[in-house]
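These are the structures in question, set out in turn.
Consider the two complexes below, in which subunit A is the common component and subunit B and subunit C are the respective partners.
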Partner chain A sequence: MATPHPRRAVKQTSRWTLLIAAIPAVPALAGLAWSVWAAGGGLEGAFAGRTILARVAEPLLWRSAAWSLTIALVATALATGLAIAIALGYRGAASHDRVARSLAALPLPVPPLVVGLGAVLLLSQSGVLARVAAAFGWIAAPVEMPILLHDARGLGLIAALAWKEVGFLSLVACSIVAQLDPELAASARTLGMPSRAVTRRVVLPLLWRGLAPSVVAVLVFVLGNYELAALLGPADPLPLAVSIAERSRDAAPGALGEAHAAALLATLLALLAVVVHERPGRR
Partner chain B sequence: MRSSRPLHALVIALVAACGGGDRAADTPELATMAWDDVVAQARGTTVTWRMWRGDPSVNAFVDGWVAPRLAERYGITLRTVEGQGPDIVNQLRLEAQASARGQADLVWINGETFAALRRDTLLAGPWAHRLPNARYVDSSSATVIRDFERPLEGYESPWGRVQFALIYDTLRTPTPPRTVAALAEWIRAHPGRFTHDQGFAGATFHKIVLYALGGGVATFQGGFREATWAAHADTLFEWLAALRPMFWRQGEAFPPSVADLHRLFANGEVDFSMSNNQHEVVTKVRQGILPASARALLLEDGTIANTHYVGIPANAPNPLGAMVVADFLLSPEAQLEKRRPEVWADGTVLARDRLPPDWAMRFATLDTAAGALPDSMLARLARPEVAAEYHDRIVAEWRRRIRAAP
Partner chain C sequence: MTRPARLGTIVLAIAALLPLAALVITAFGTTWFYPALLPAGWTLEGWTVVGGGRLGPAVATSLAIGSAASLLATVAAVPIGRAIARGDRLVARIGTGAAFLPIAIPPIALATGLQLLALRTGVGGTVVGVVLAHAVPALGYLTLFFVGIFRGVDPEIESAAHTLGLSPRAAWRHVLLPLLRRPLVEALLLGFLVSWAQVPLTLLIGGGAVRTLATELLAYVQAGQDRLAAVSALLLLLPALLALGASRRLARTTGTLAG
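On to the complex of A and B.
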């Protein structure tokens, strides 16, 4: 029986790999094509590139995008910082380290909708925190509780997003730290590097290199999250995901096209985050 | 333009593929087929009803009471799927462009949705006038026989009637304001204790204020007029802008939905909630969502009453089954059941004086819970909806002039 030439076998394998990789890409590209068509006026029967530009240039949309991007960056930075602190602070094999790592991952399976409803119960001015604070006399009445929900600063939303994502990021971070070669840190110490410097100069860069793709994924997820933004976000600026949903539910002619234009902008922002991460020359 | 054709064709092809790649079935002669034949042909079929699924009481009525009876009496399997307003319009527009067979047989619609669907000829009909139970419909009511001023012309069948009401707590606000002017004074005197939601109830509240400040509903009747809108829109938005600093959170935030407003009211953050259904307060009190001392309040300037309907999409795969379902929903039995406060408390579209005496008696002796508003008061203060364009303009302008204002 003839054996296939090794180079041909490799070619066939890479062709199959490409096909498998195309499976998730095809629906995304089809969706993108759909949005381009709809944003350009295709749904109204008059597609034109300038319609997309006009719709994307709408100032309120950019306000929403800028606000949502800021919130996503802050929430992701918070979650990343916490995840790194947990991974570095509890990297040992002792039982309390294992318990701490497990506790940090607890938010992971909680659905975003549940996180949002929980945040409303906890953080609103009639919520648990406000009532407890009033009961202890820290504030005169629950209504004096600082505003944390539906506020333009997005404090409650940032807290909820960071809490939700710290579970995922700490799981990844702990897993990366566990796989680091202990010889690297040992060698650095042997060469006279203090323990803190080993963490800062050896462990942290390696951890960041492994964690960065997950951080980008979290940023993109947080940017597009609808449930938490709808439950906890302000009315002005309207979070980008809520703005897209609102436009898509509007019966006014052209509103659905505007929703697709807004979705294109959201996609562009997400792609930008990926491109920055994957930029040429990055190590 | 030329370059967009391949993209257009691709999208249309995708929708056609999603719809089964089939052209819309020819709509049978819905207006002339003998009713017995309609029922016979509907037997053994499935009816997909695209409807709002946002209220557990409504879902329980449809899934737990309507569906089993349709299966038992007509051999129809009722399948409900989520979808409302613009979702329905957008879906049907897309399917029509692709000449695709529809995904739904029956749709729950009213107002601007009906106007958009009729404008784009996306509804089958006429058929509603020939349902056997249509003879009981209250055809003397302007709010039933016209949908946002648009004549039904047999393209939708009414199945429920509601009226807007404010909700207040008799313990917290023993003497509530009873006119729009008094409400403004109350809001000024109680900063932070009033707001409205960003959804349909909030827009209806705006429309009530528009009527009150604009000289009554008559000013806005007779179709949408740009000049009328221009003359009165400023009055409404200046009223709102002046009061906004006295709203909950100084008007910098508004509850996303009426459910969020109910929560703020129940938790004591605000002193008023609102609902498009005057009976909702009774149901919510029974469910323990609102305090027992919560009551509905109609403003003396008049509050908007409107009717909800079911329509059959022009590309519905099973229009005959949908007609049977629409007829059952219109039956005195179904109308009485959903009117019960413990079920849904949705108002009936039937005229009591047209019903057989035993059914009229059952409606008359229906258990009216404490706090339910008397029918005479509801009728006296009911104001009809005006052209759907007013609603659309209010929503768009409120977002621009109030919500997004610094």
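On to the complex of A and C.
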């Protein structure tokens, strides 16, 4: 029996390895292919590229996308700011520092749906915060409590998303701060830099460099989150994730195609955030 | 401890614990009318539905789907993770990108695409379809997990086993599997958690016919049934908290957790 040429054998192994390595993407790519086909009118029996463009260009969809992107950016910025403040404020080894870090990480394992219910119970006009405000005499009736849920400003949704994500970001930020070389800050101080400037010019840039990938991951998660948007988001504009779900369950002709166009837009936004962060030449 | 630090810790404690406290109070409280700060009394009435009604079967379905999806994803992720970890730079790039894709796509967008696929293959609206759909993101997470695990396992161990005359299958059974026992348990747990709280994939692939604990919780909140929603939420939270406690304990015993 002839033995295979060594180089050919290596190439074959490599091809098989590549195929095996690509398996996790296969269902997602198949789903995307179906979405392209359905968004282009395939379900109605007339696929065309311009149908996808027309559906993606629909103003209502862009309104949803712009609103969701704004909420995601604000919630991510808020969670990032809090996580950095916690990591810098409680970086010691004392027991209160450890307690504070544990408290900050507490939301990490809490599923988004549970966070959503917690937000409803806390922030509604007859929720826990309204009761506390009434007990202090700040409000006389539930209607005096500011509307924080299902509002177009998305205040409750931003608070819930930030609460959920501060757990993950503070965990990452605390571990980055713990691994920073103390000699760097000490050298900066020896060179005459005030404490506040050391934090701003030495510690913060290093912390941000380590934290940035996690911030992008959080932004992608927050942008695509369905559960919290469904429970706390407004009816107008409809959050992008909710808009996809509503359209995909709508029996109206063409609604499913629109749902797939919206899903493609959501995928594009999420992948764009990853690509922008991972772009070549980025430090 | 300085005054601002103490104040900060108190604010942090309130912000972290208040939503969870509200859940516990709602799950065990009787009538709780505005503006009372606490319910009129305490009851276990909400918990009686766990054994029957809609919630009992939903919990059982969630457990079954979570276990099956996790097992499926773990079995697939082990060889894929090994192939990526042992491969060259191209394999590593394509492999990690492929594993990252089902995680990066928003679940609702992923569910919309998979919905048509499920309907065309006849698994739409079935438990099997939901298991397969849940396994998609779980496979992404677990592949990345096993890439990390296999990068930490010296490939020379496998080579030595082959040199000593073990067949590839025997090397897997007698050398690799004992090494992977703990990561396998952790992977099964992680895969289960990915599925356990999954909503968009269940809603769209299950098409309302498959009811899990997470979809029941969503329905209870939207219907304003706070007590049942709080009971469901605490049940949904339980495995995640158990897993976190177990991982922290494990990390402490192996010295991988600081603070």
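Quick note on the criterion: the second predicted complex is superposed on the first by the 258 of 283 C-alpha atoms of A that agree within 3 Å, B and C clash if a C-alpha of one lies under 4 Å from a C-alpha of the other, contacts with A are read in each partner's own complex, and residues count from 1 in each chain.
The rule is short, and it goes like this: contacts are C-beta pairs under 8 Å (C-beta built on N, C-alpha and C of every residue); 3 or more make two chains touch, one makes a residue touch a chain.
Everything numeric in this text was worked out from a predicted model, so none of it was measured.
In the three-chain model built by superposing on subunit A, subunit B clashes with subunit C.
Once the two complexes are laid over each other on the shared chain, residue contacts for A:Ala255 go to subunit B alone; subunit C is not touched. Applying the stated contact rule after C-alpha superposition, one finds that A:Val143 touches subunit B and leaves subunit C untouched. Once chain A of one complex is fitted onto chain A of the other, the partner contacts of A:Ser126 extend to both subunit B and subunit C.
By the touch criterion defined above, A:Trp34 reaches both subunit B and subunit C.
After overlaying the two complexes on the shared chain, residue contacts for A:Asp236 are found with subunit B alone; subunit C is out of touch.
Residue contacts after overlaying the shared chain place A:Ala48 against subunit B, while subunit C stays out of touching range. Of the two partner chains placed by superposition, only subunit C is touched by A:Pro109; subunit B is not. Legend: residue contacts after superposition of the two complexes on their common chain; A:Ala22 is shown touching subunit C, with no touch to subunit B.
When subunit B and subunit C are set side by side, the one touching more residues of subunit A is C.
After superposition on chain A, the stretch of subunit B whose C-alpha atoms clash with subunit C is 80-88, while the remaining options among 62-70, 80-88, 296-304 or 368-376 stay clear.
Common to the subunit B-facing and subunit C-facing surfaces of subunit A are residues 30, 33-34, 38, 120, 126, 142, 230-231, 248. Contacts from subunit A toward subunit C in the complex involve residues 14, 17-18, 20-25, 27-35, 38, 86, 89-90, 93-94, 96-101, 103-104, 106-122, 126-128, 130-132, 134-135, 142, 163, 174-175, 178, 220, 223-227, 230-231, 241, 244-245, 248, 259-260, 263-264, 266-267, 270-271, 274. Those residues of subunit B whose C-beta lies close enough to touch subunit A in the complex are 1, 4, 7-8, 10-11, 14, 85-87, 89-90, 93-94, 112-113, 116, 192, 198, 249, 252-254, 256, 263-264, 267-269, 392, 395-396, 400, 403-405. On the subunit C side of its complex with subunit A, the touching residues are 1, 5-6, 8-9, 12-13, 15-20, 22-23, 26, 34-37, 76-77, 79-80, 83-84, 86-88, 90-91, 94-95, 97-102, 104-110, 112-117, 136, 139-140, 143, 196-197, 199-200, 203-204, 214, 217-218, 221-222, 226, 229-230, 233, 236-237, 240-241, 243-244, 258-259.
Touching subunit B in their complex are the following residues of subunit A: 30, 33-34, 36-38, 40, 42-43, 46-48, 60, 120, 124-126, 142-143, 147, 150-152, 230-231, 234-236, 238, 242, 248-252, 255-256.
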